[in-house]
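Structures follow.
Shared between the two complexes below is chain A, which has chain B as its partner in the first and chain C in the second.
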Partner chain A sequence: MGDPRTIRVVVATDCGSTTTKAILIEEQEGVFRQTHRGEAPTTVEAPFADVTIGVINAVTELQELSGRRLVDDEGRIIRPARMENGRPIGCDIYISTSSAGGGLQMMVAGVVREMTAASAKRAALGAGAIVMDTIASNDRRRPHEQIQRIRELRPDMILVSGGTDGGDMKKVVEIAELIAPARPQPRFGGKYELPVIFAGNRDAASAVRDALAVPGIALSVVDNLRPTLEQENLGPARDRIHDVFLEHVMAHAPGYDRLMAWTDAPIMPTPGAVGDILQTIARRRGINAVGVDIGGATTDVFSVFSHEGAPVFNRTVSANLGMSYSISNVCAEAGLDAIMRWVHLPMDDRELRNRVKNKMIRPTTIPQTVEALVFEQAVAREALRLAYQQHKEFATTLSGVQQQRTVGDTFSQSSGGRTIVDSMALDLLVASGGVLSHAPRPAQTALMLIDSFEPEGFTTLAKDSIFMMPHLGVLASVHERAAMEVFERDCLVHLGTCIAPRGEGREGKPCLSCRIEPVAGANGAADDGSGAAFSGEIPWGELRRIPLAEGQEASARVEPVRGVDVGAGPGKPVERRVRGGAAGIVIDTRGRPLRLPEERSARCAAVARWMKEIGAID
Partner chain B sequence: MTVVHPPSSAVPGLLAGADPPFLSCLAWDAGAPWLLAAAGEAPKPFLGFLDPGRLWLLLLLAIVCAGVVACIGLARSGRPMKVRRMPALDAVDEAVGRATEMGRSVLFVPGLMDMNDIETIAGLTVLGRVSRTVAEYDAQVEVPTARSLVMTAARETVEAAYLAAGRSDSFNPDLIYYVTDEQFGYVAYLTGMMSRQKPAACFYLGKFFAESLILAETGNAIGAIQIAGTAEVSQLPFFVAACDYTLIGEEFFAASAYLSGEPDQLGSLKGQDVGKLFAASILVVGTALVTVGSILGPESAPAKAAAYLVGEILR
Partner chain C sequence: MATAYTPGLKVAARTRHRVRRMLPIAGEVLVGQGAVVAARDVIARAAMPGDLTPMNVASLLGAQPADVPEFMLRREGERVELNEVIARTRGIFGMFKAECRAKASGTIESISAATGQVIIRGPSLPVEVRAYLAGKVVEPIPEEGVVIEADVALVQGIFGIGGEAFGTIRLACARPDEPLQEELLRPEMAGQIVVGGGRVGVQALRKAREIGVAAVVSGGLDDSDLREFLGYDLGVAITGSEQVGLTLVITEGFGEIAMAERTYRLLRSLEGHEASANGATQIRAGVMRPEVIVPLPSGSDGRGAPPESSGAGLLEIGTPVRIVRDPHFGLIGRVSALPEQPYVLGSGSKARVLEVRFDSGEAVVVPRANVELIEE
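After this line comes the complex of A and B, so read on.
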């Protein structure tokens, strides 16, 4: 890989399960911009069984659109970028992510489910894996059931943790003794050795090595991810997962050996790359951020929240919450009543059930009528709400830690395992996934995000319209400035800013007074008059939209009534700069937690009023 | 000897304001003589079926009992009974988990008193839950006791918990043993044992006196998660300051209902809360009446109402 200062043109691909997406990033007038995009079907499965064919097809589309020759006659990506016969050819670096073939599928194990096993799960999810199951000594399953489970799931990799350094050995070795007889068959290749990473009690490493000294298992030992219960050390385990992903999993997937030879940076699992770019943004801007990617089968939620002065990254995969394959599960888990509370139009229950099942068996269909769209967006709200709830329950402080008390704690004894996700502290909420990215109106995306995540205080809303974050995650590891510039200018489509007070009040009673005055935009753009100034009181139960175009900023001063908090404490005013977007500034005084009217006709009227106000419907 | 002026209604035929033909040398109750006798006669006690002066008390008792019965009925009918979170009880899993990860034992101290003490009984209720978690996590719980009867009861409690968890084979009765009846002999043993074995989780649930701080400080020094619970008010500050979690007074007795989640126990707990709420509201009303009465004078309606409340209702 060359010097980052010499990089001018970047080609990045993301090999998904069905589509391989390629983007071209070029330096223009000293600033990196994403200029073109191409895509082609992924070719990891038979009859092609070679991922590079799909990559070359996607990059070929890119070269046709850009006019820059990127693929040579032998079907390889041309490097470095240069001029040939007066025409630009090639790129300086080529990078890629992959989630083809179901991505990286892992099992994790630990002694106690809420302690070392939870840490192992955080390490695996943070590295971009899908955690198929968690084995723990207190998971209430018998050993033969655990062995059967390992055998059935056939993971790509197993991460074993357990015991603090100098702590428990017996149960750690028992876990290893479960894996040895299970001998799960690999998904790829007959000669594949199942990688097992041990990141537990270092005193138990030799005993674990003895227990796993059987053919078909490749053991590697890294530092304990919980050396003490007060400390979590996920870095070495995550790095090792990346290495093993490349050495074992990718090397055995069809065509990946060639692809690995082409790339100028290690191939990353797609969710891992998304997590990396979100962490980079949070670190560079000093903000708390949440990203969500809602797919057909799963919903990924990523978060970076500051805890005790350090940013903490968490990722969860809600395996049964999605908009097509998993739509029935969303309906079952949330309940049809919960979904229907977001629907303001009269709909027949039988027709809805048919609609759900049709979506499940024909996952690529898109809504053809307003009713179908409203219903699909209602399902999305519930899927997102449940996924965020699961994320909050997972992203917690460490459990099993000794507390230090004073007599002042008599009536407020907080416990370990508290969520670190604080909606009031959230600064940026980024959405991706078909139902959010391709909603007919940006206001619909904004409203779906507000209804499901219930942000409090000041929160900037944005969407990643073409799911570029994975590419930028890998690019950040090579050229951070380029990744940040593309992220700011081309990746995010800003929807606007949501201002929402924490608390509840009776509808119509005063909630807050607000003054908004547009100023020069974030990128130096002058106020073009598309942003309207606003000054006035807003009562409880309202959803008010104040237009402010993308690229513009406004100065907002919000004074809540006594007992209501918008970020500075109950009753205290807040003055901040807010960013505009396609949905403008949305002031949400519906209260937190968000409660809709119980009575059906009142609820429908309220939902319709809010949708109209924000511009989601006419 | 005190000359009293009983109310005319108290003795048939007595004229109001007339010189009393009575001599009272007897007990007083709420400012009124309860036994009167004519001069020269010996007082004759009698047993009444109902003391009409205490009808109010009967009414209050009926209200509290009705509250308990109604709440039990509601709980049985499936109505959710919200009990506020008790971090000390929620932390049992965390404490036992810590011991499991660190490969160390769990120490349970049921206090100094015998089985006739309600706090010891409440402590053993929690021991049942702790040992069940210990059995599920395949850890070890050690219960040194200061009373032989407590040892027997604790053994049965722990054995039942292991059986319920399906791990009866892991139950070791030798880990539940008697040390000494002597307060400081017991404490000396415990602190020595804690310093040597360094249990990762310590539970102090029962009746504690001067040893509370010694135990809690030792546990804190060895880095254990500590959960304490006692109704002994003078020891609570020490436990709160030195332990991770503390069950305070009534919480300790509510633990059984909180842990079991059984409708009868939860309903009973809620019913008691209704009674407490009722008592508290009487206190507030009484205080307000006395305060206003003292401002307006003794002949004012609030003052008379306060006197009636004290003299008749709460008699």
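After this line comes the complex of A and C, so read on.
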């Protein structure tokens, strides 16, 4: 990899399960911009069985669109970037992420479910894995049931943790003794040695080595991810997961040996890269951020919240919350009533249930009518709400890297710890995934986010325009400035800012007064009059939209009534700069937690009124 | 370019079909290259390592883990019977000896001095793989399985439940849009693959199970009936392992919908033939659809049927299609226009569309993503 100072042109690909997406990033007048994008079907499966074919096809599309020759006659990506015969060719670096072939699938194990097993799960999820199951000594399954489960799974690798350094060895060795005879079958067939990473009590390492010294298992030992009860140290385990992913898992996927030789930085699992860019943004801007990616089968939630002065990163994957393959499961988990509360149009129950199943069995169909769209967006609200709820339950105290705690805290955490996800402290909420990024109106995306995440205080809402965050995650590891510049200018499409007080009040009673004044020429944007000044009182129970275009900023002063908090404490005013977007400034006084009218016709009327106000429907 | 590709389900009167039949673990393949097999024949067999029973012998004896190997009366690899004494402490002056009895029959897999844990492996479990497709073995894969090939009539469904089933094809409905009602099911349909028409309800499914029908094939199904029949709400379309007493193959989708005329006609022409059916459905990477397969004698010209196509076809003016999403779900027509430019749908989304004209002469515009090709 070259000196970052010499990098001017970057090609990045993300090899997804179905599509390989390529982007071209170029330095223009001292600033990095994403200039072109191309895509092609992923070619991991038969008849091609070589991921690089899809990569070259996607990069060839970039080449055609940009006029810059990027692929040579031997089908390789040209480097470095230069002029040849008066025409630009090549790129300075090529980087990639991958989630093809079902991504990285792991099983994790620990001694105590809420302690070491939870830490192991955090390490695996943070590395971008799908956690198929978590085995723990106290998971209420009997040992033979645990063995049966291990035998049924076909993980790419297993992470074993357990015990603090110098503590009890017996339980963690017992876990290793269960894994050895279970002989789990790896996904890639008989000749593949199943990688097992041990990140538990260092004193138990040699006994674990003895227990796992059986054919078919490749053991590696790293530092304990929970060296003491009060400390989590996920870095070494996470790094080892990435190494094993490259050395074992990727190396067995068709064409990846070639792809790995092409890239100038290690290939990362797609969600791992998304997590990295979110952390980079949060760190550089000093903000708390949440990212969500809702797909057909799963919903990923990423968060970075400052806790005791340090940013703490968490990621969760809600495996069966999605908009096509898993849509039926969203309905089963949330219940049709919960979904229907977001629908203002009359619909027939039996027909809806059949529609949901038809979407499940024909996942690529798209809503044609307003009714179908309203229903899908209602399902999305519930999928997002459930995924965020799961995330909040998972992202608790004693998470992240190297946190110090008192032993007293540790005991109080034994029941799972407190969530560190604080909706009032959230500054930026970024959405991606078809139902959010392809909604016909940006206001629909904004309202889906507000209804399901229920942000409090001041929250900037944005969407990832073309799911570029994975590419930028890898780029950040090579050239952080370039990644940040592209993120700010091309990746995010700002939807606007949500201002919402915490707590509840009776509809129509005074809630807050507010003054919004657009700042002329903010961010270089001309004041084109698309942002209107506003000053007035807003009672409880409203959703009010104040237009402020993308690229514009405004100064907002919000004064809540006594006892109501908008970020500075009960009754205290807040003055802040806010960003505009397609949905403008949205003042949401519907209350937190958000409750909809019980009675059906009142609820339908309220939902329709909110949708109209924000511009989600006419 | 007024064409596009769209996926469709395979419905073929004659096609050359291959199935790969594999053991879950290495074992013995019982048939060789060129062998002619029947659907129910066992073609490979393996012994799955037995279940494991861990026992914490140290705590059962009240001893230190390090002492467990010494107290064991049986060594690794030795056979033990249920309740047999497998470990005994020395006691005090030969008295007060503690004993530990085996919790399962099997062989000792491991004895750990680190944890005091002893693992007993139970007897191995036989696993057999049937041919499923009556045909010829074209590729034996040593220790793993075989590839079988045959000329078949093939009907792929859209969704199913239950695993592999075998039987004779028997028609229950007189028309493709006739709902499969319970009174159409008769006792002599036991062990057969019963072909309905339109929607099948839970009462008919229960009756079919009661009679002992091997498989039911019909056009549509209500989600509420599926839930009632399964006893739970199906969240994700990964099926095949349900133990509900029969195999179900739905050819069109959920709701009040008739079986495609062509599918119905094909199945009707095969009445009385032996067939294999499988309800297993998987709609994620590596899509798997339920199917009914009827082996046919090889073609008279000796060359047999053409190999199976990928199921993806060319969409052009005149191509017959089925609309697979509301508001026109289930309707069949022909492509009458393929506009190039994206079109703004009623939902407000922009998408590439096509125009479908029905037999009635009425035409509708639908997203290209919402049609399925019907092969003629």
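Keep this in mind: the second predicted complex is superposed on the first by the 594 of 618 C-alpha atoms of A that agree within 3 Å, B and C clash if a C-alpha of one lies under 4 Å from a C-alpha of the other, contacts with A are read in each partner's own complex, and residues count from 1 in each chain.
Just so it is clear, contacts are C-beta pairs under 8 Å (C-beta built on N, C-alpha and C of every residue); 3 or more make two chains touch, one makes a residue touch a chain.
Note that the coordinates shown come from a computational prediction; the quantities given were computed from them, not determined experimentally.
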First (chain B), second (chain C), both or neither touched by A:S535: neither
First, second, both or neither for A:M169, with chain B first and chain C second: both
Touched partner set for A:Q28, first chain B, second chain C, both or neither: neither
Chain B versus chain C as contact partner of A:P367, first or second or both or neither: second
First, second, both or neither for A:Q148, with chain B first and chain C second: second
Which of chain B and chain C A:T116 touches, first, second, both or neither: first
Partner chain in contact with A:V356 - chain B first, chain C second, else both or neither: second
Which of chain B and chain C A:P440 touches, first, second, both or neither: second
Touched partner set for A:N138, first chain B, second chain C, both or neither: first
Comparing the two partners chain B and chain C, which touches a greater set of residues in chain A: C
Set of chain A residues, in rising order, touched by both chain B and chain C: 169-171
In the complex, chain B residues that touch chain A: 87-88, 90-91, 93-95, 97-98, 100-104, 136-138, 223-225, 236-237, 240-246, 248
Contact set on chain A toward chain B in their complex: 111-112, 114-116, 137-138, 140, 162-164, 167-171, 226, 229, 399-400, 402-403, 405-407, 409-410, 413-417
List of chain C residues in touch with chain A within their complex: 24-26, 49, 51-54, 56, 65, 109-110, 112, 114-117, 119, 121, 158-159, 222-224, 226, 233-237, 253-255, 281, 283-286, 324-327, 329, 345-351, 366-367, 369-370, 372
Complex contacts: residues of chain A adjacent to chain C: 17, 45, 101-102, 143-144, 147-148, 169-171, 173-174, 177-178, 180-183, 185, 190, 207, 210-211, 297, 320, 325-326, 328-329, 331-333, 350-351, 353-373, 438, 440-441
